[in-house]
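What follows is a single structure, written as structure tokens, with notes after it.
In this document, chain identifiers A, B and C correspond to the written order of the chains, with residue numbering beginning at 1 in each.
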Amino acid sequence: MKIIDRLTKIDRRIIYLILIVVVALPLIVPSVEKVRVMAPVEKLFNAIENIPEEKALIIDFDYAPQTAPELDPMGFALLRHVFKTRVKLIVISLYVQPLGLAQKALTEVIEEYNSEAQTHEDSIVYGRDYVFLGWVPPPIIPILGMGESITNVYQVDYYGNRTDTLELMRSIKNYNDVGLLISLSGGNPPKWWVQFAQSKFGLPIGAGVTAVSASEFYPYLQSGQFSGLMIGMKGAAEYEEIIERELNIKRERKASEALPSLTYAHLVIIVFIVIGNIGYLIKRRSK
Amino acid sequence: MAVILLIGLIGVAPPTHVRAYDTPDDGGGSIMVEWHLSQDDAILDGYEIYRSNDGDVYEKVGFIGRNRTRYEDSNTEDGENYFYKVVALKDTLKMYSQASQPVMSSPQWFDLPKLNILIACVIFGGLILYFVYHARKGKELYIRKIAGLQAIDDAVGRATEMGKPILYTTGTGLIGDIATIASLNILGEIAKKCARYDTQLINPHLDPIVYTVAREVVKESYTQVGRPDAFDPDSVYFITDLQFAYAAAVSGIMVREKPATNFLIGWFMAESLILAETGASTGAIQIAGTDRVPQLPFFITACDYTLIGEELYAASAYISKEPLLLGAIKGEDLGKLIIGAALIAGSIIGLLTKLPILNLFK
Amino acid sequence: MKKGLPLILVFICGILGIIQYFAPHPVVQDTDNFFRNNLLKILAAFALVLGLGSLLKVHMDKIKRKRENWQYSWVLIIVFIITSIIGLFGGVTGEGPLPTRIGSFSFDNQTIYDNVIVPLGSTMFALLAFFMASAAYRAFRARSTEATLLLASAFIVMLGVLPLGDRISPHLPSFAQWIMDVPNVAGQRGILIGVAFGILATALKIILGIERSWLGGGGE
């Protein structure tokens, strides 16, 4: 009887301890958890694949350090995809905080490719294959302004070069030359892109958002306003999965490695609920 | 190549039927321009919108992508005449439309699309006032038992017996949140009970304005039950206006002071579970209440009693038993009945028919 | 008069709040903006001074009377003074009159924000994961039919968001989504309709002076 009593009254500190162990262990000893790619992520992948050769992709890095664990893996996976298939890439931010994170992602992924490149043709070259335009406040100004002229809004890029001297920007004038924009954000920017860039200029929009905010964005996917959507750690893991499967990109899979922590944490909670209920039911029956 | 050459030779077709009108139902300063697409819309860069005061000299006011037939110029002077032209743009090639008729922007006193909301407000507000008026006449009203509110007496009594304080937090809402105001109303009633039983009250705050109001509320409550001397001005105090710093501070108070009862009533965000779970670990009786739906599951799992949504608003009437306040609750119930009936009727009609009347609700 | 004046002010501001929703005219919008935004800002500034005063007084009192845990009050007061000095004289990113740097440490608001507020806030936020586990363990018991239903749906939703759920059955994630989209939303809307009426009634009662607890009770 004592054991059953204990089952219903496990000390909260034991629960906390077990939880921290199962969350931390998979992070210390990483292993990749395979996931099935769901429709919204597959749509996003296909949207990038279907960008016509002459058009560019814009990635809007708009997340701060707080949401980086969920959104960083999305940024990395997207960049790997884009550089592998050589889609023209424009990187921007609507806020100043994400600039550092965007720069870090670009540097790391480009290093991966360029360290293996044999020729200048093979390597990722700034100005030819991608540009990093930086940030122009306030957020709505660039969203609207780029519909008319991107180089007018961003007259200099993040590094201080005049944008009209960049090779890539000569063929990309405004949204008519952009095949897709993907907004990675923990807040409102994906909605703004739909509200201002899509409704006024017809720009196709995709998004990567945090799991907490996902419910706000589902309607945009259902209505077709989003060309694809990645949600939280699982969405990022799915994207890592699809680029490995379809394009044979075998790199570090941050999200897929973090997924076991998420799974085990949920399982621990489920197990504790089951234990509590077993104790409770036995106790009730014996009364 | 041939196409480009052809465009160069004959140009592109301009947009037609340009029409400008004062943007309806706004505060002025805005004119809406509409047009029919250029026949060459598919190959255009987009449309430029030009404006003139005299119909002679035009300046560019905006740009919009192709396949669009409408632009809002939200930068006009009210009472001045404007002419508009829309330009089809392809690279450096521009084709101007005919000018629109002159138009003037002006502010409106009433936002017509909100008429339905006004009518609903009048009907439901009227219902509530009608029952308040009836209650004034002294008609007895029945109100169902709300477990969380019935527990208040026991909770205060328990604290008195144990000689421990009561903690009351109005959450992280500001004075503009009605939930905060409802919470202050309940605080007043609980402060009266604390004054009667001589139980210590701890009431920490996140917002300085809410703090000043709460102090007055508590002070008045003590005065009303004839115990102004028992009011401790340090029982109501401000801590910080940072959400998680506040959560940390209140959790600290729970652990150190070990209140017998915690009231978590008002507007809460993610700190709801932090507070409720810390309170549960100290063994206090917890009565929570909020209208924030995402936080309700946390309160329901971690607290003994939870006032769900509207119960929060009914609470002060319930505790004070004041007939005028009870009357309002009756009005609310009838309002809900009407909405419920309308929802059911609407669903049935929607399932069975495609009546044009349904377009009214779009 | 003591209660008459506040009641009149509340009535005017309340009615203005309603009218501004329906009347876009600048005359209405500007008046409303003055009353409810500008005046509120001034009020808030005074209230903040009162609030900080109360905080300091409570803790000074604690130290003076050597109440339990009075040592912590010193921590609060000292940190309060330091942050106030940095906040008042350090500037946002170090352009204030303070000697702004010692080594790589800069005495400004951004430093406090990045190095104190953000990590402490994240820590508090992260506690939620642990609290969720302990609260779920304690509360999710099959006590009644309703509680059992709640328990079952919680299970399905939790499994549904995991890759594991997909492996158990490919239908599980869609079923979890259905629970979130249909029964869950229906319940939420029901609560929201009630809340809307509660808000309407409370607002009316306060604007018309029927509810006066906020003035300190219902008496005249």
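FYI, contacts are C-beta pairs under 8 Å (C-beta built on N, C-alpha and C of every residue); 3 or more make two chains touch, one makes a residue touch a chain.
This structure is a prediction, so every number in the text was calculated from the model and none was measured.
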Pairwise touch network: line, ring, star, complete, or other: complete
Most distant chain from chain B by Cα centroid: A
More contacts between chains, A-C or A-B: A-C
Between chain B and chain C, centroid-to-centroid distance (C-alpha), Å: 14
Centre-to-centre distance between chain B and chain A (centres being mean Cα positions), rounded to whole Å: 31
Chain centre separation in whole Å, for chain C relative to chain A (CA means): 29
For chain C, residues contacting two or more additional chains: 132, 134, 136, 138, 140
Overlap residues in chain A, where contacts from two or more other chains coincide: 12
Of chain C, residues touching chain B in the complex: 18, 21-26, 28-29, 40, 43-44, 47-48, 50-52, 54-55, 57-58, 61, 68-69, 117, 120-121, 124-125, 127-128, 131-132, 134-136, 138-140, 188, 191-195, 197-206, 208, 210-211, 213-219
Chain B residues touching chain C - in the complex, by the definition given at the top: 25-28, 107-111, 114, 117-118, 121, 124-125, 128-129, 132, 178, 181-182, 184-185, 188-189, 192, 205, 208-209, 211-213, 215-217, 219-221, 223-224, 233-234, 236-239, 242-245, 247-248, 256, 270-271, 273-274, 276-278, 280, 291, 293, 296, 298, 300-302, 308-310, 312-314, 316, 320, 322, 324-325, 328-329, 331-332, 335-336, 339
Parts of chain A lying in touch with chain C, wherever the complex brings them together: 10, 12, 15-16, 19-20, 23, 33-36, 38, 65-66, 211, 215, 234, 237, 259, 262-263, 265-270, 272-273, 275-277, 280-281
In the complex, chain B residues that touch chain A: 45-46, 63-68, 281
Chain B-touching residues of chain A, taken from the complex the two chains share: 12, 147-148, 173-176, 200-203
